[in-house]
Amino acid sequence: MPELSILPQMVLSGMLIGFIYALVSVGLTLIYGVMDIVNFAHGEFLMLAMYVAFWLYALIGLDPLLSLPVSVLALFVVGVLTYKLVIQRVLHAPMSAQIFATFGLMVLLQNGAQFLWSPDYHLIQEPLLAGRVEFLGLYAGKPQLFAAVGALLTTGIVYWFIERTETGRALQAVAEDREAAALMGVNSDRTFALAWGIGAACVGVAGALLANYYYIFPTVGTVFVLVAFVAVALGGFGSVPGALLAGVIIGIVEVLAGLFIGPAYKEVIVYILYMVVVLIRPQGLLGEW
Amino acid sequence: MNQLQVSGLTKRFGGLTANLNIDVTVGDGEIVGLIGPNGAGKTTLFNCVAGIYRPEAGRVVFEGRDVTGWPPEKICRAGVARTFQIVKSFGQMTVLENVMVGAFLHNARSAAARATAMEVLEFTGLAEKQGMLARNLTIADKKRLELTRALATGPKFMMLDEAMAGLTPKETQEAVELIQALHDRGITILLVEHVMEVVMPISDRIVVLEYGQKIAEGEPAQIARDERVIKAYLGVEYRASS
Amino acid sequence: MKRMNYLLAGILIVSMLLGACVTTETPTAAPTNPPATQAPPAGGATDVAPTEATAPEPVIIKIGALYPLTGAVAATGIASKEAIEFAADIVNNSYPDLNLPLASEAGLPNLGGAKIEVIFADHQMDPEIGASETERLITEEQVVAIVGAYASSVTATASQAAERLGIPFVNAQSTSPGLTERGFQWYFRTTPHDGIFSELMFKFLTDMKETKGVDISTVVTIHENTLFGTDSSTTQQNFAGQYGFTVLEDIAYPHETADMTSEVAKLKADNPDVVLPTSYISDAILMIRTFKDQGYAPQAILAQGVGFTEGSFLPTVGKDGDYILSREVFAADLAEAKPLVGQVNELFMEKYGRELEGATARSFTALLVLAEAINRAGSTDPEAIRQALLATDIPADQLIMPWDGVRFDPVTHQNVLGTGIIVQAFDGAYHTVWPFDLATREIVWPYPAWSDR
Amino acid sequence: MTRRRQYLTPRRMFLVLFTAALIAFPLVVKQGSLHRLMILVFLYALLGEAWNILGGFTGQVSLGHAVYFGVGAYTSTLLLVKLGITPWVGMLAGGLVATILSQIIGYPCFRLRGHYFVIATIVLAELVQILFINWKWAGGAIGISLPLLPESWLNFEFNSSKLPYYYISLSLLATVVGATYLIVKSKAGFYFRAIKEDSDAARSLGINITGYKMLAMAISAFFTGVGGVFYAQFVLYVSPDNVLQFSLSTLAMLIPVLGGIGLLWGPVLGAFILIPMSEFTRIYLSGAGSAIDLVVYGLLIVLVAVFEPRGLLALPDRLRRGGRAR
């Protein structure tokens, strides 16, 4: 049994991975909040973002740090296209049909990636961000630390955007009541497209940051997406701060559970935590019905 | 004897009080109209009785049984049927199937349920539309279907929430006749309306709410004369039309 | 629900049904030998065709080969397929200068120079498909024996099907120890299993203690918690006891976990002399990265192959992979001690443009072993072949493997002479470091601290 | 009612024709591989049909049905391996255990709505899978290979021919479709659909919606569990990553959604298209692990979802305009 002195370090490390979970979840929850659709291809958006970062690095030696804007832009486009080509057409279909659609997209993207780029694993060898920083007895990998900061910033920006800007309010209005919003002259179609764009862009950030230190392969999305689903539900569907909070909680719980109960059970503990929370608060930590 | 007795009922939503200490009684076989301007708390009271909301204070007694806070399905089984202000028909099911859902409450077998359903459909005059999908009906027919569906549960007491809102005069007239017919079947009726014209003539008694409180109760004639009611709600146009 | 729909449903379904029959009636062969539909370089067709053409001779002996030709591990499957075609070519044609079974003569002498034809089937890593493809190979293709199936979970069901139908199943690569404990009559395994490999790893550690005088007594096993990892760590713990090592802890972690902080933290807390990881590639990559991040360096990291020895592992982790030790079944640099390996490797290189490695070398060997047995049996009767396999005794010098030979245990049918080697990574490539007489590089011990890289 | 009668004959005709075709199929087509394909079609049609009762008719979208499949498979297998009880008893037991589990899972989950429910079912399924991975007594991650018993109906093992499996799976499917038909026509069926359409209205008509959701879940889980038992006997190998894998949960949903969700024949049609489709794309398109087959597979799914979200059975209906499917 490891001694407790390493506890602060573990909590820190847990938070660091937690911020990544959060960042992946934010996009998901945003899309959900605006239009009640869970994007099962969300993990594949992350995968695409990571490949964008990787190829820019492999082909023109552009560091993920610098290619971040590109990934974000690319994913924004991917999001909008997904909405225009697929989601728009299943907006009024039953939930199962919507899941069906995004699930198909997931299969398509995963295997499209394997078809185009082979199932091989990639890792960005010499990113600008490397090594670790040490402070008051704690340490953290620079890329992880940077990713955490990036996650916080992005979440903050998205939150500010939704709460404070005109467009953001439009998003909320549409989320509240499409008809009413329409009367107020909000074009719900454009708003939805925007939501998908931003949602995907968030994953774009996540992918670029993750590419700094995580391996890249066609099904890398699946490693993160289930956690993201849980985080979104745990935080409350549609709640951006909720996703952030939940992501970090899950990160910490995973590490501590792994440490004290055994890595084989770390997910179990997270799932149990989730079930307990939603049974007490069916709408999740910060969500409302 | 009073079939429904609501006493001292109070319902709050966070800060605002939707119903405050309301007493309403509906006698066996009566038609009672519950009226009041929008936001007077009619639907809230209605939902407290129907079991959608649980009141903070007060009791709802139906046929001598305290049904306060019972869930809707239990209230229904006790013999209280209701319709919704915004129609909630089962859009993807046919008219007959809609009504059969109601009829199944007292029929375990499909054949029996179908028979009951057909009987009430004939009664409400929707029989020839039995094959249509509910979502393809007109508003008037949807409201009628909802009423038929509720009737199929064999209620002693029916609560109709704005059964006539948004209907053409002709449709309204048909609706009034239907309500009369229900009454003739021996069903007690509580009407929630703010369209005065239709409530006044058919109601035995009228209860008036304003700002969540009961401001008047009595026969239509005296309600029509009640100054507070007139001031609060009716305004001139009712006098004019009467 | 609309009656019309029933009707149309019916018509659609029936047409589907008929469609199903018609469409597959014609190209039944398609699933049978993907070569036809495979990318040309694999060239199954191009190899087999001439032998069929130039052999109006007595018989063609059909052998089934079951591999994952699509999906995540397709790369390995395709490579194994090439190795098997290569072996078939060596049997069917004359290679006098190779000291391999059946290399010198063309075909199988005891069967009037009969040629062997290998029919491939794709199991996609799915146990159910594996079993049914085996049945199809046996019942519809009339193969006399089967080689396969790479993944242990598929081998489990496929060999079961072969067992039921009474056809020999020679297993080249599956290393789950339990497979040879099932008391099967028709299942033979040429490759050493994880038990043997695990023992090898402890023999190596003991040898290091005795000859190099390193001071090691404690180990921690860390493994992904599916079939492969669980099997491996179980056997490792048994042998640790036998060889006098203390297992401080057995850490199981979920496959494809996103983060290994807690796993490595436990390792640091236990602070063993040697870490014994059993991982697939994704976890292996993450593990090494986390070691680096947390600056963790035990005396030695001794891996149970697979994730750590898979082709793209070292290229992916780059220099961070250096000095990792792993058990291996084969390494091309064996050529330095075993010229035969060099000869075969060159031929394979010029034919398929890639070096032999663990998977291919073992597939190659398995087919030779099977062919040699069929030849000795002098008949294609399954029971005769089974008896011949039981009597197999191929000396080490006729193998490209670092084994002491091939001889099957009369009960379990496990090759009792199989063994492995220990390799270590030096600038992006693995080199044999043990047994010392096969070593091509001097072992680096202990594992250097990350700070002095 | 009258409309029903006048349509009855063509439907009967089709049913007879269809059943006859299926019974005759293996006698006409002798290829074992095609028998196997059909067996899979029947099995997955059964899964879809079972899912449809909960997800299609009652509108509770579950993505955790792998649990019931796996638990069914494990139950019969453990009974056989540990106690030597014939799988036929195991089939009943498997269904029952799945049903019981479904009630344990359903109780908390039905307090959740919409996507909260979906995610909860996924999470619980994952949880069960992890528990099985770590449950040594039940074979842990390694799973259990079923003992090879002499081929017999009692042992539920056949190796010389797949025909018994074919007819067992066919009759299982027939039973489930028949049962579903009766359920849909019954009180419970009407209540299921009412709950899906509008739960408030349903309650106002005296329906105990939680109770009926649990009932739908129970029936659905039972059939799924039985399917799992058949699979275990067919493949003779159960492990957490073959009978408890997430893809089973998705497949159970994809099939009815493809064919026509909430329609009796939707899952059957869905399975008859999806399973052969994925098999054939695999056989004809899969080159050297390029995964092009799954690319096509995914693309087809998206196309169906985009152009006929109500499922293929809605197509004829769309042609007859008015969109009156479901």
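The chains carry the letters A, B, C and D, assigned in the order they are written, with residues numbered from 1 in each.
One rule holds for everything that comes next: a residue touches a chain if its C-beta (ideal position, glycine included) is under 8 Å from a C-beta of that chain, and two chains touch if they have at least 3 such contacts.
Here the structure is a predicted model, which means the values were calculated and not measured.
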Give me the fewest steps it takes to get from chain C to chain D if each step has to go to a chain it touches.
1
Quickly list, by label, the chains bordering both chain A and chain C.
D
Return the chain whose centre of C-alpha atoms lies at maximal distance from the corresponding centre of chain C.
B
Chain B to chain D, mean C-alpha position gap in Å, rounds to 43
Length of the line joining the C-alpha centres of chain B and chain C, rounded to whole Å:
75
The distance between the C-alpha centres of chain A and chain B, rounded to whole Å, is 48
Where chain A and chain D are represented by their mean Cα positions, the distance between them in whole Å
32
Name the residues of chain A that each touch 2 or more other chains.
119, 264, 267
Residues within chain D bordering two or more other chains:
3, 130, 133-134, 289-291, 293, 324
By the touch definition above, chain C meets two or more other chains at residues 72, 74-75, 225, 252, 254
What are all the touching pairs of chains?
A-C, A-D, B-D, C-D
Okay, in this complex, where on chain A does chain D touch?
32, 36, 38, 85-86, 89-90, 93-101, 103-112, 114-115, 119, 218, 226, 229-230, 232-233, 237, 264-265, 267-268, 271-272, 274-275, 278-279, 282-284, 289
Seen from chain C, its contact residues with chain D in the complex are 1-14, 16-17, 19-21, 23-25, 28, 30-31, 34, 37-39, 42, 69-75, 77-78, 122, 124, 126-128, 131-132, 135-136, 139-140, 153, 156-157, 160-161, 163-165, 176, 178, 182, 225-227, 229-231, 252, 254
Which residues of chain D touch chain B in their complex?
1, 3, 185-187, 190-191, 193-194, 197-198, 200-209, 262, 322, 324, 326
Enumerate the contact residues on chain B facing chain D in the complex.
50, 52, 71-73, 76-77, 81-82, 84, 88-93, 96-97, 100-102, 104-105, 107-110, 113-114, 130-131, 133, 136, 146, 149-150, 153
Can you list the chain C residues touching chain A in their complex?
72, 74-75, 225, 251-254, 256-263, 265-266, 268-269, 281-282, 285-286, 289, 293-295, 312-313, 316-318
